[in-house]
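Consider the two complexes below, in which subunit A is the common component and subunit B and subunit C are the respective partners.
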Partner chain A sequence: MGSSNASGDISADMEIDAFRRLFPVQFYERHFVKSLRPDARTLNSARDTSVALGAVSSANGSALVKIGCTTMLAAIKMEIMTPSTESPDEGNLAIEFHMPPICSPLVRPGRPADAAPVISKQLADTILSAGMINLKELCLVSGKAAWMAYLDICCLDADGALFDAALLSAVAAFSSLRIPVVSLNDEGRVFISEEMEEGKSKREPVNKEQRKLTLSNIPFSLTCVLHKNYILADPNAEEESIIETSVTVVLNSSGQLVSLYKPGGPVLAYTAAIQDCVALTKQRVQELQIILNEAISDMEVD
Partner chain B sequence: MSSRAGTTPSTYSPSTQKKKPQKPTFNDSNGVRSDGRGFYQCRPAYLKTGAVSAAGGSAYAEFGNTKVIVSVFGPRESKKAMMYSNVGRLNCSVSYTPFATQVRGQGSEHKEYSSVLHKALEGAILLESFPKTTVDVFALVMESGGSDLPVIISCASLALADAGIMMYDLVAAVSLSCVGPSLVIDPVLEEERWQDGSLMLTYMPCRSEVTQLAVNGEWTTPKIHEGMELCLDACKKLAGIMRSCLKEEADSPSIQ
Partner chain C sequence: MEVDREDGRTATMLRPLACSRSVLNRAHGSASWSQGDTKVLAAVYGPKVGTKKTENPEKASIEVIWKPKTGQIGKLEREYEMILTRTLQSICILTINPNTTTSVIIQVVNDDGALLPCAINAACAALVDAGISLKHLAVAICCCLAETGCVILDPTKQEEQKMKASVYLVFPNSVLSVLQVSVTKIDEPMEHGIITSVTHGAMSVEDYFYCLKSGRAATAKLSNFLRSRLQNRLPSDLLGDT
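What follows is the complex of A and B.
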């Protein structure tokens, strides 16, 4: 951070930390001029990302995702429901995003974070509209029983780009999902078959082959913040608090646009800026796909 | 959500269709439990400080399938409605993830844990070292695998140490179940379900002081003595592991 010894203004006589807190925008701009960020990243690069599948053994599928310090834990629990009459051969998904008080000093118990319901809705919209999951695959017995997949995503550490990390953890949890083998009893209730214990089950399981969901058109996202002409990919919490304009682009694995959010902010983005964000997201999708595939093959080896 | 979201259908989790689950026997001559441990053997503990970067101090604890994160914030400004106080305040809150329990959403049943955690830690902290302010201790149970409360308490005292809050000593907590004629230490969920009595001890080993002792259910006096001795011994060992975890962290400061 050598930029602080520039002569001719107040910053020359000030300690870096004080300057950073008193004049955050100037502090950041000095880095941007040199195409750098205070955490030593270039403007367009995302933070280190890791995916670990099967983190929670009480769930049917789960994943722990870290993007920099931002940490998300997603888990899916499968329950049985009676399908609605309009769609007797479809299961359903319920997606919820939680920000427990451990994740950030701004969240207090009993007072949920403002951001949580917004991200919850965005996630549900994105996952359901991306066509990643075929709800028909969640059907067990048409009109009688189908799966309800409860996907809960908990933020364990909030350090910016929460939506990106939450979406990645949701996708990863679905790819680690193993559906239990179930049978139907006389009263029409579904129970888990125990082929392991009794050698063979008394009743034929209803979903022998359907242990995994087929995931197509997997959505991936990248959030960028805009400041003047600069575009910063994958902002951390400090950057998000200083620069208020953000653009979140969601693309699917074949590069098609799923959704684009630009929720207000002081910077009015030109088409060119949006196009740059989409281009950055395209690169990021490829990175994320490799990371996810590695995590899946790691799990299958175990 | 889809258009059907308005009417949430009632759901249930499929169970294994067996007769009533059998009560496990604990008077086997070989003295081995369902997970291969001896009656007086604790689960291996994994502890790590600095799990949450956004917090002032934090710790992660994993005892078998019980997984807990605790974040500590502060000392920071007390809530506006609070009266003036010469000594600091400790505010504790314990929550469960919806997927922590076998049946979804059952974790909210443990409402009393927040106040038990508060009482277990209060005696160990030098509250007068942060007058007029509050230290918040928030715990999240990511997976419940039995003996949740003692794991939360031990993990919280580690997180407080990580946050640099002044304490007389670390607080180590261990629980024990009485199942029929046997005592089993550090019980898993299934053992807790069948217990006739439970005992939890929170202890500061360097000062040989007990901050909390909770005894529930059917006990005979000699059994209580035996149980307390077992817990005291286990707490001492656990505190050793906690101490070495803090030392490791101090020896290898991460460069941020």
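What follows is the complex of A and C.
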């Protein structure tokens, strides 16, 4: 390649910022040789992650998640619906991922981002196939009433690894979910009863003990980008735009592979690379589990 | 570990393949691809002047338009469009016609399982038919994992719904080269590298690698079929041109 030689010659008397913009790949490669990245991380380390539960007070469950600068706000609203005849004792989930223009310069108002419906679909697939939520727990009265959980995830700052942050925020929102108390009225219809004072409530709540969902097999994900033989965990937006091959691995807490998602890209993933990505994800699952458990215990103290 | 399949196939048997090229008159390239009852029609238009949104001064861009058999395009189809676009981008040589857009239109004729792999195979044949320069061909396969841990290939829709997990895999086909020196420095042959992997359902990591192995074995047959279909037109082509 002529360009790489040319960049090598002139890089000595060129400002760093100019070099970074003109020869982004060479700029990154020079870091990779030293096992570093421009933001001072090592190749395999993820960015700082924080989880705050209960960020939206009007929602039944919510969470604000930050992975580096990527920020996701997830909120769940529960509504009562009539279950479908095929599955009379199951509730349902509706997952929507939004990318408003505030999140990135690439999103224009009035024209929805291409990535948004794809990430919505991936999230719904992942959450359902991981077996995290038992839909039967969302049932109130078999065949008559069940919960519909509307999960909306809003991306506030899109700085790479959107799916990882969205999945973590979805999981965190579900773990902070408090199901409202419902009662049956005289006509046998289910309605959400307001939190009334003791003794004032005439009707017996239907779901007195069932206020929280039991989450099993919680899925956690890690996105890696592949460049030549290098594997970079948790890329930011700049890295994602320069290195086009990404692999997203989702593992659940019992160690099963929920999804291995590689949509094309110029680099072919060989068995060794896939194994490395899975191993990195295993480490990341443990990190994320600790972060999530801390957030849950923080909320319970409050 | 044997499974009984309703159509009497063994676990690793594919459905009958069929591929015809240049089925559409106005398209620059077109192909129809069928695996059993799943049939997809693909048309390629381009390279043509790009629209503002997709234009890139350094690279040619590829857009995929997915037309379902009935009804409106939903989230599933949007995901398929994205996966197809990125898969095709990785096999095309994009530096040849910068500032242009190539449209690939996928029309689903009938869906009986393994729809996305079928569409990828159809798109690949249509790109060759349109004379778009490619680095290599891509062959796609669907592997399903039964509850018993048995892998079946190329499932029908009914089988796909019964299985606990499924994997869509895309591999490059083996390169026939006159050059004796192999370019790869890696210990695995190029056709073992994964271009695209999409999974549904939970499975153990070992099961995934098992699927990978069965998929790789089956793509050799698919890739030979694709190559034979693309070659047998050449002599008549030459006659027609002169």
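The working rule: the second predicted complex is superposed on the first by the 287 of 302 C-alpha atoms of A that agree within 3 Å, B and C clash if a C-alpha of one lies under 4 Å from a C-alpha of the other, contacts with A are read in each partner's own complex, and residues count from 1 in each chain.
Rule of thumb we're sticking to: contacts are C-beta pairs under 8 Å (C-beta built on N, C-alpha and C of every residue); 3 or more make two chains touch, one makes a residue touch a chain.
Note that the coordinates shown come from a computational prediction; the quantities given were computed from them, not determined experimentally.
The superposed arrangement places subunit B and subunit C next to each other on subunit A without a clash. Between the C-alpha centres of subunit B and subunit C, as viewed from that of subunit A after superposition on chain A, lies an angle of 120 degrees, to the nearest 10.
Of the two partner chains placed by the overlay, only subunit B lies in contact with A:E79; subunit C stays clear of it.
Shared-chain residue A:H98: touches subunit B; no touch with subunit C. Contact with subunit C, but none with subunit B, is seen for A:L257 once the two complexes are overlaid on the shared chain. Contacts of A:N185 after superposition on the shared chain: subunit B is touched, whereas subunit C is not. Touch criterion not met for A:D234: it reaches neither subunit B nor subunit C. Following the chain A superposition, subunit B and subunit C show a smallest Cα-Cα distance of 9 angstrom.
Residues 114-115, 117-118, 120-122, 125, 129-131, 217, 245, 247, 252, 255-266, 268-272, 274, 278 of subunit A are the ones that touch subunit C when the two sit in their complex. Chain contact summary for the complex, subunit C toward subunit A: residues 75-76, 78-79, 82-83, 85-90, 165, 167, 170, 172, 186, 188, 190, 192-205, 207-209, 212. Here subunit A touches subunit B in the complex through residues 55-59, 62, 69, 71, 73, 75-84, 86-87, 92, 94-96, 98, 100-105, 108-109, 124, 128, 148, 150, 152, 154, 156-159, 180, 182-183, 185, 189-192, 194, 237, going by the rule given at the top. Contact residues of subunit B toward subunit A in the complex are 1-2, 4-5, 7-18, 51-56, 58, 65, 67, 69-71, 73, 76, 93, 95, 97-102, 104, 136, 138-140, 142-145.
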